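The first chain written gets the first letter, and so on, giving A, B, C, D and E; residue counts start at 1 in each chain.
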Amino acid sequence: MSAFLTQPFTVVIIPFLGAVLIALAGDRDRLRDIIGWVTSIAFFLGVIAQVGPALEGAGREQRLWEMLPGLEIAFRIEPLGLIFALVAASLWLVATLYAQCYMKVLGYRHLGRFFACYAIALGAAAGIAFSANLLTLFIFYEVLSLSTYPLVAHSGTAAARNGARIYLGYLLATSIGLLLVGILWVWQAAGTLEFQQGGIIAGHVDPSWIPLLAGLFMFGIGKAALMPVHRWLPSAMVAPAPVSALLHAVAVVKAGVFTVLKVAVFVFGTDVLVETGAGIWISWVAAFTIVAASLIALRLEDLKARLAYSTVAQLNYIVLGAMVATPLAIIGAAMHIATHAVAKITLFFGAGAIQVAHDRKKIAELDGLGRAMPITFGAFAIGTLSIIGLPIFGGMWSKWYLVLGSMQIHQWVLVAALMASSLLNILYLLVIPIRAFFAPAAEGVPEHYSEAPWPLLVAMTITASGCVVLFFWPDPLFRLAAMLVPGGAP
Amino acid sequence: MAWLGHFNYWVVVILMMIGFYAVIARGNMVKKIMGLNLFQTSVFIMFISAGKIIGGSTPVLREGITVYSNPLPHVLILTAIVVGVATTAVGLALAVRILEAYGTIEEDELVDPPDQPADESHPGMPAGKGDTAA
Amino acid sequence: MNIGEWLPFSVLVPLIAAPVCALMPGRTGPWLLAFLGALTSLLIVAIALPVLWQGELSYPFGNWPPPIGIEYRIDAANGLVALLVAAVATFVLPWARIINNFEVPERQGIFYALFLLAFAGLMGITLTGDAFNVFVFLEISSLSTYALIAHGWDRRALLASFRYLIMGTVGATFVLIGIGFLYMMTGTLNMADLAERLPEVRDTTAVRAALAFIIVGLGLKLALFPLHLWLPNAYAYAPNFITVFLAATATKVALYVMLRFIFTIFGHDYSFFALPLTAVLLALAIAGMFAGSWVAMFQHNLKRMLAYSSVAQVGYMVLGIALATSAGLAAGLLHLFNHALMKGALFMALGTVFWRVGSVRIDDLSGIGREMPWTMTAFALAGLSLIGVPLTAGFVSKWYLIIAAMEAGQPWLVALIVITSLMAIYYIWRVVEAAWFTPAREARTPVSEAPLSLLVPLYVVVAANFWFGIDTRLSVGGAEAAARALLGGSP
Amino acid sequence: MRTNGILRVIARFLIPLIMLFGLYIQFHGEYSPGGGFQAGVVFAAAWILFALIYGLDAALEVIPERAQFVLACLGVLLYCFVGLLGVVLGGRFLDFYPLLDSPHAAQQTGIVAVEFGVGVTVATCAMLFFTFFARRKREIDAAETGEDD
Amino acid sequence: MLFAIYSLLSAGLFAVLDAGDVALTEAAVGAGISTILFLAVLALTGHEERPARGKNRLALTVVVATGACLIYAAGDLPEFGEPGNPPHVHVAPYYIEHAYTDMGVPNMVAAVLASYRSIDTMGEAFVILTAGLGVVALLSVPPRRRRHKHKPGKSEDDS
């Protein structure tokens, strides 16, 4: 029985069951909140239970059923997926605290639908994390796209509908138009879609075609926000803050870059990527995206939009790492999934808290607000520093390995892009808390203490401290990431 | 000789083309159905002429006759004729109803604005069941 | 008793039930009889199916050995199609009862008798092994279909029915001409016998013309682009029950007959050699896929939208067949099966909405998702299947179609399939958005959810979409067995 | 037309003759050209002629619309019944040999029976066509005058 | 009228081609029933017909294409009336030789129709029944909307 309870599929199914119960609970607030808590805690425990075996190198495997001949729905726990699942599960706990308060304070309606879709999105993320082959992954990838659509369109205004339409349009079009084609190509060539260390296409696809195939995958995984398929991410910012925080800083976008990493390591194989040069051209696109997105972010006045472009840039760190494909770069990319998630969710929480407390969205309106909301902006500052990659914050480690990895293959342009991005980060992110604390107050900003409700503050504090914790205790994360590359730690 | 050997067939082709042309080009629905009849009859003739054997006779067993024409096409065409008259009847019934509903059976005059809400004076139910059955 | 002896009764039972039904008064009796007739057919075919997968069965009528008499010759291919037709009839009828009481309140005895005739006609076309018998049963089903479509409550139903009658009769006559040529060249009408005797005369102009006439004639019936003109209005204005039934079965049966002629009677090596069939069918399929999807994107009447989408979906099926490989044929057959499931569910959901709202125009349905959540959820789920989202039946058939296109060395087709799928997303999502994310029009009185008696059958069909997207043994296995049966001994 | 005496007189002779002819080709179909369809149509033609001369109402008194409808259904049912009888008696559908011991007699019985079924259906359906089309004219006229205020 | 004459002519043609049964049927159906139906409907619709516009060229193309296809097919069709044609050497001889021995029926057409291919004939009976039901269903709806076009919104209950 306990063996069954800790099977991967059981973990994946928990949020789906929770979603059904939440939908049934509908508008009964208390009942719905309790179910939400129970679900997220159960999910967290389920993921935690996978860590031990995985660290010993014995990740569980579960084959459910054969959908088409040779194509199974199957799950397998491996280190990368576990990193992603851990991040999603632990941050869901925090986000539950945050979201239940946020949605009620701002008076949103149809909360049953909202939290049900929220839970489904998490379940889909777990399905992506644990999938053992491309087909299973693709299925949950689509479930994730579809289940987040109602969340983005939640408010039902014309702007929200329009944003949601762009959002879904980009994600479905790229996934069906490019990703699925890539998957079919792999299936046609290799005869399998099973993830394997070292890749499955080596020797099956003519090397001269591999750059094209890699392009199909990398642009097909629209959730990784490689330019020019990044437009959906700013569009998704019409969603309520908890959605932007957990889904568009963690679950959805990380599902994208996770898939990128997974495909790079387990479908192409790092050797193939390096030898055929397929990785390099895409890593250049990623580098371009990093710089371009940072430059765009500089010019944006809306706080959430700026954060969205920052996310675009940060996601491409991971794509870049995956495509550089040296062991250090892969480790850096895997770690960046976690470190960026913790930092970015803090920033979005902050943006939401500002909205709840003072209903402000424009950056110019935040001058001096830090004195009124010290906790919010303190957390915001920590998140920013972590993203920049300064010591005592977790973001440093992942950036460090990414830069090292790029140096190993003498791609100085990529190194330069990463460095430039750090500088730009200071310019467009760090200035926000600095001005909030030190600039003269903008119009209407109160001078006395007026913070957001306590659940929001608690949530932010937890994630901000997470940034610090990851600096001092990166070892478990590092060990998991190192298991991805042949020969373990470098 | 080949041309003469197929003289039956040329009749069929000409009839068929006339009938088919009437079906497509005629605007009047009754004329269309007449064209359809003509079109079908030409096919009947094709079948029947395929069953004919020169020097043969009607396939009813009689003393002193050894060569009979092929009975199978006759059977098929009996069926086809009935199908034809059945189609005619249904088509004409439809034409009558269209005449009543639109006031004309000329194709050119039958215009329904494509996206108008449904015509409400049809004997069918005009609007939904609403909440009455809830 | 041998199941082969019972198979013809899947046609005869509904056929005999029809005149009885016409004589019955009231509403319950005719409906029950129709349902029992369909159920009997379904049971007979379902029991026989495992036998059919092993090989073919023959039933000579009147005990006259073919080709003297007429036989029913049933193998995996027509077994699968017959199962589909019978299953659709059986599962749609429980839903249709309330719908019909609303849309066709009077003379239901005749209405259900006509339905039984249409149903039996389709079954007869499917099972028969005689070329002329195809024509006779084709006319039974066509004539009853014309009359059924005219039962629609909009006056445009009459016009749609008339145009269908003209085009359908022309199509049937074309088929008859083709059969006539075949008879004149071989002297037989039995399909198996024809297949045996045709190779002797295969290089004649008459046989080639016969193939052309039969393909054009059946192309009219199955709404192959550009011969689809009758279909959108016929589907849009027919009573909803009839729309569901036709959309799920009629074009499929016509397609099956075309396959039977192309592959069994003429032999696929001949068909694709004598005429440039691959090129022509491929071009028409692609044109249909794009034209259908494109027009569907701009329809206001949702039934018309789905009808145009059917034109596009027929394109997918023909695409698979045009590849002329066994994988392509299996993919086409699989889509034939799966498309029936998804279009059935979609039209059923729309019919349910119509029953409440009295309209299927997209403007009238804004906000309906909140008033009829279960019905519209069913629509959205079936829509996912139409788009081809994984875990649905639609995904499986598109998957096979794409694999078949790649195997046939035509990878560019993949792009076309993908693009039209994206168009499907657009037109399905338009409805979802109107249903849930648009405020209701003030002019429309709010409605409530449909009762369980409508929702349960609807969800059974929706569940089938997911069942055959997850457990593909029956559909894929059936399609592959059917493809083998159609290709016969030829490799 | 109804007032034309000559027509009436001729019709009085002609209609029974046509009906007789119909019956002849119905039951003599095995021996000479003719059979169910032709007989049915000829029989219906006689009735239609009657209706044209004496009026539809008079004709409907002879064979009411409901009777036409019921007979049309019964005609095909007779056909099916004969077919089923073959199955019940151990043969196949529409197998006439099991009907009687003598093969020729069995076949002839079967053929006559099914031809009769066809004849009934064809005759009554043809009458139904005529009834409905002819009556429509009257109904429309009535509706027209009714609406003309 | 022309239509009836055409039907009679074709009936005559059938008789010449040894198809007595078919001739009888075509005479009764084509010149009889169909003509009466057409007359009945023409009485309803009136005889005037507008000249059709626009479609003629398309129609001509389609018809010529069909005709071309038919003529193309003719090249290899067997010649008229030759006893050696495929239809006369396969299946049909069985009927001619065995119809009488099998069932003692001298009229081979009747034998084929009602026994050898009786399921076709049954189908045919059902076709005519279908048409009957269809006509009944279509024309049972009371006629009251002919003036609809001119009086939109007028209730139909006053008739």
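Simple rule for what comes next: contacts are C-beta pairs under 8 Å (C-beta built on N, C-alpha and C of every residue); 3 or more make two chains touch, one makes a residue touch a chain.
Treat the numbers as computed from the prediction; the structure is a model and nothing was measured.
So which chain ends up closest to the centre of the protein, judged by Cα positions averaged per chain?
Of the chains present, the most centrally placed is C.
In whole angstrom, what separates the CA-based centres of chain B and chain D?
22
Centroid from C-alpha atoms only, then distance chain C to chain D, rounded to Å. What do you get?
So the centre of chain C lies 36 Å away from the centre of chain D.
Can you check how far apart chain C and chain E are, centre to centre, with Cα atoms defining each centre and the answer in Å?
Those two chain centres are 27 Å apart.
Between chain B and chain E, what is the separation of their C-alpha centroids in Å?
6
Two-or-more-chain contact residues of chain E, please, as numbers and ranges.
Residue numbers touching two or more other chains: 20-21, 25, 29, 33, 37, 40-41, 44, 70, 74-75, 77-78, 85, 87-88, 91-92, 95, 106-107, 109, 111, 113, 115, 117-121, 123-124, 126-132, 134-136, 138-140, 142-144, 146-147.
Quick one: which residues in chain B touch 2 or more of the other chains?
20, 50, 58, 60, 72-73, 76, 78-79, 81-83, 86-87, 89-90, 92-97, 100-102, 122-123
For chain C, jot down the residues that touch at least 2 other chains.
Each of 15, 19, 22, 61-62, 132, 136, 139, 143, 146-147, 150, 177, 183-184, 189 in chain C touches at least two other chains.
Can you identify all of the chain pairs that touch?
Going through each pair of chains, those in contact are A-C, B-C, B-D, B-E, C-D, C-E, D-E.
How about chain C: which of its residues touch chain D in the complex?
5, 8, 12, 15-16, 19-20, 22-23, 59-63
Which chain E residues qualify as touching chain B in the complex?
It is residues 3, 6-7, 10, 13-14, 17-22, 25-26, 29-30, 33-34, 37-38, 40-42, 44-45, 49-53, 55-56, 58-60, 62-64, 66-67, 70-71, 74-75, 77-83, 85, 87-88, 91-92, 95-96, 99-100, 106-109, 111-113, 117, 120-121, 123-124, 127-128, 130-132, 134-135, 138-139, 141-150, 156 of chain E that touch chain B.
Quick check on the complex: what are the chain B residues that touch chain C?
Those in contact with chain C are residues 20, 23, 29, 32, 36, 39-40, 43, 46-47, 50, 72-73, 76, 79-80, 83, 86-87, 90-91, 94-95, 97-98, 101-102, 110, 112, 115, 117-119, 122-131, 133-134.
List the residues on chain C that touch chain E in their complex, please.
By the definition above, chain C touches chain E via 15, 18-19, 22, 61-62, 64, 67-70, 106-107, 110-111, 113-114, 117, 120, 124, 130, 132-133, 136-137, 139-140, 143-144, 146-147, 150-151, 177, 181, 183-189, 197, 201, 204-210, 212-213.
Going by the contact rule at the top, pick out the chain C residues touching chain A in the complex.
For chain C paired with chain A, touching residues are 384, 387-391, 396, 399-400, 402-403, 406-407, 414-415, 418-419, 421-422, 425, 429, 433, 436-439, 469-472, 476.
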